[in-house]
Amino acid sequence: MATFGLLDYEQASPEVRAVYDDIMAVRGTDFVGNFWKALAHDPAALRRTWEAVKDVMRPGALDPLTKELLYLAVSATNQCGYCIASHTAAARKAGMTEAMFAEVMAVVGMANATNRLAAGYQVEIDERFRNQP
Amino acid sequence: MATFGLLDYEQASPEVRAVYDDIMAVRGTDFVGNFWKALAHDPAALRRTWEAVKDVMRPGALDPLTKELLYLAVSATNQCGYCIASHTAAARKAGMTEAMFAEVMAVVGMANATNRLAAGYQVEIDERFRNQP
Amino acid sequence: MATFGLLDYEQASPEVRAVYDDIMAVRGTDFVGNFWKALAHDPAALRRTWEAVKDVMRPGALDPLTKELLYLAVSATNQCGYCIASHTAAARKAGMTEAMFAEVMAVVGMANATNRLAAGYQVEIDERFRNQP
Amino acid sequence: MATFGLLDYEQASPEVRAVYDDIMAVRGTDFVGNFWKALAHDPAALRRTWEAVKDVMRPGALDPLTKELLYLAVSATNQCGYCIASHTAAARKAGMTEAMFAEVMAVVGMANATNRLAAGYQVEIDERFRNQP
Amino acid sequence: MATFGLLDYEQASPEVRAVYDDIMAVRGTDFVGNFWKALAHDPAALRRTWEAVKDVMRPGALDPLTKELLYLAVSATNQCGYCIASHTAAARKAGMTEAMFAEVMAVVGMANATNRLAAGYQVEIDERFRNQP
Amino acid sequence: MATFGLLDYEQASPEVRAVYDDIMAVRGTDFVGNFWKALAHDPAALRRTWEAVKDVMRPGALDPLTKELLYLAVSATNQCGYCIASHTAAARKAGMTEAMFAEVMAVVGMANATNRLAAGYQVEIDERFRNQP
């Protein structure tokens, strides 16, 4: 039922194939998700988005699993069905256990609740939270 | 400029003081934030919320720092000023470095972007993301 | 610090004054809030918005207090500072007690949490919720 | 297509069954919704969430119907499909008529519009809305 | 699977038919979308919403295509499935090419990212952005 | 009150200065906004974000003014104070008149309302909106 066709490897231009190849190489898989196949209608956006995702998600001060958990927490907050499904899978591949998943969801639920309590009660920011080094 | 008065320890009922005491004991501090002092107008909500926060944020399958980073990611996604300020402080106390903070923000920005691309392009969930164990 | 000037009654055109007059008459007050004074830069939007608000908020199957509580719940969910402040005031004028306010916030917090849990756990809609009369 | 299995009563541990039993007893029904069956993978979250929902939704300064309408208003604002379906059903059970539903939606639509107008026009909070008792 | 029946022209009251007729006349089509057929359960909301949409979307300082692109950008930001589908169709009818669609999505993704970076980094508004004419 | 210091040109590393120089050159100004000065704490994010913004906002199938209006519409929907202020200024510089601003806001308000009505009424996507070329 997708409104936009999904661009398969066979139909893709060399420019798009190069991105698909890099996605599969970096992720050590032979699979390219529908997100990329939809975005491929705009090859420049495909490349820009993939390069940014690759850059942002690579190990740094935070390990890949932690980054996937953060991605999942944002996706659940925004209630993005596709992103929840794909990043739950990605987080599992990166090592997320069921217990970790449950704890991510518990924090997401709690934070979404207290965010609204803070706003609704019009809580002023404490002085000590303003003057961070 | 808070619409709701903040309930200081001195003015508080024994019931509210007990929660304040527990917050300070669990966190190893002599400080109670404005969020709790505003919520204290509803002692039942104060206790329920604090017990849930304490339960959710304690070490489990995820360590306290990771949980604080998740809290911060949700708060930034929701653009809750109070929560961003207080949980940036809490995450730093739990060990977040500036490099970690920057990586959290990078993931948050990226996820918020791709969440909308997935929705806007009406991307269908891949079959393999549906049949998770 | 408003970017857009606020249009006071004295400066306003007859068209805008007529809306201001109606706001004050319907609400039984001599006060017009900044929201309307900002929107007045677009007289057609001012009239359209006010007529819709007047229509939607008048007593019907739901009483005015319940409608104000709903408005406040939405505003807290969206974390709109202006709207939370103005509709807290409006709800109080319509009879909201502090106990009611606290219960509204408790429901808002809870619903914002469970909304994300339902999304994050990818919960399918129960068959019986689909076939409502 | 649920990614997470739904935990039926028969498969559930005594701990989970106790929560299911309480849900059915409090609601006077023999039905437990998919939300709870998904959350049951984390028995502690199941219990904590149910106890909080039970506590928040019980009659107080606001009656159960008003609370359900607020829940529905938040769920529609967040566009949570599961929550809209389940809380529309719950609100009907609590006495919501079609006319009430239509008025809830009208307020939700209006509030979501004016929230953005207030933000977009950068409206400053009126002095009188700041100094509430 | 709609919870609310869709009110077809044949079943509709003269009041609802008058709105349907106007929708078809203004849009030069013999088609009325499900959105209107659902909203028709509340004839007053149907009329009020249609009159507002007609008023807001008519050519003015902005042309109809630009308005449809804005509608689509908001709908993608809110991740409203129905609205994305219907306004993608409407924008195409108004002249949106695939290249335009891709650029709208690119801006939507970018803005959703930088909105969170600005919030997360707690960026203060520049003095020069405050004093607009 | 910024929690994060703003990195001025004088303090900045050659890497950061190169980005600042490019921002000023592309925009034809001697001004660098606080957003960039905060993000500069993470030079890689600064460069990646600026390159993406430059790429996305350059004239293409859509002109720069239309792109700024879309940016503003998203920012108002997300209620991001900094972004609304800075992109209102940017849109004005790109040619947005007060009448255009008012029409953008009118569409933003309307779309935010109807997005929730579509969700709340659980409107199914029309068949004809599914099968787009």
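Letters A, B, C, D, E and F mark the chains in the order given here, with residues in each chain numbered from 1 onward.
Criterion: a residue touches a chain if its C-beta (ideal position, glycine included) is under 8 Å from a C-beta of that chain, and two chains touch if they have at least 3 such contacts.
Since this is a predicted model, take the numbers as computed values, not measurements.
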* Asked: Going by the contact rule set out at the top, which chains touch both chain A and chain B?
  -> C, D, E, F
* Check every other chain and keep only those touching both chain D and chain F; list them. => A, B, C, E
* Taking CA centroids for every chain, report which one is farthest away from chain F. => D
* More contacts between chains, E-F or B-F -> E-F
* What whole-number Å value describes the gap between the mean CA coordinates of chain B and chain C? -> 27
* Asked: Using mean CA coordinates as chain centres, what's the chain B-chain E distance in Å?
  -> 33
* **Distance between chain centroids, defined by C-alpha means - chain A, chain F (Å)** => 21
* To do: Return the residues of chain D touching two or more other chains; collapse runs of consecutive numbers into ranges.
  => 1, 3-4, 41, 45, 49, 52, 77-81, 85, 88, 99, 102, 104-106, 108-110, 112-115, 117, 119, 121-122, 129-130, 132
* Asked: Which residues of chain D touch chain A in the complex?
  -> 3, 41-42, 45, 49, 78-80
* Asked: For the complex, which residues does chain E have touching chain C?
  -> 1, 3-4, 44, 48, 52, 55, 129-132
* Contact residues on chain D for chain C in the complex? -> 1-4, 6, 31, 33-35, 38-39, 41, 45, 49, 52-53, 56-57, 60-62, 66-67, 69-71, 73-75, 77-78, 80-83, 85-89, 92, 97, 99-100, 102-104, 106-108, 110-115, 117-119, 121-126, 128-130, 132
* Asked: Which residues of chain B touch chain E in their complex?
  -> 72, 76-77, 79, 81, 84-85, 88, 104-105, 108-110, 112-117, 119-122
* **Of all residues in chain D, those that touch chain E in their complex** => 79, 85, 88, 98-99, 102, 105-106, 109
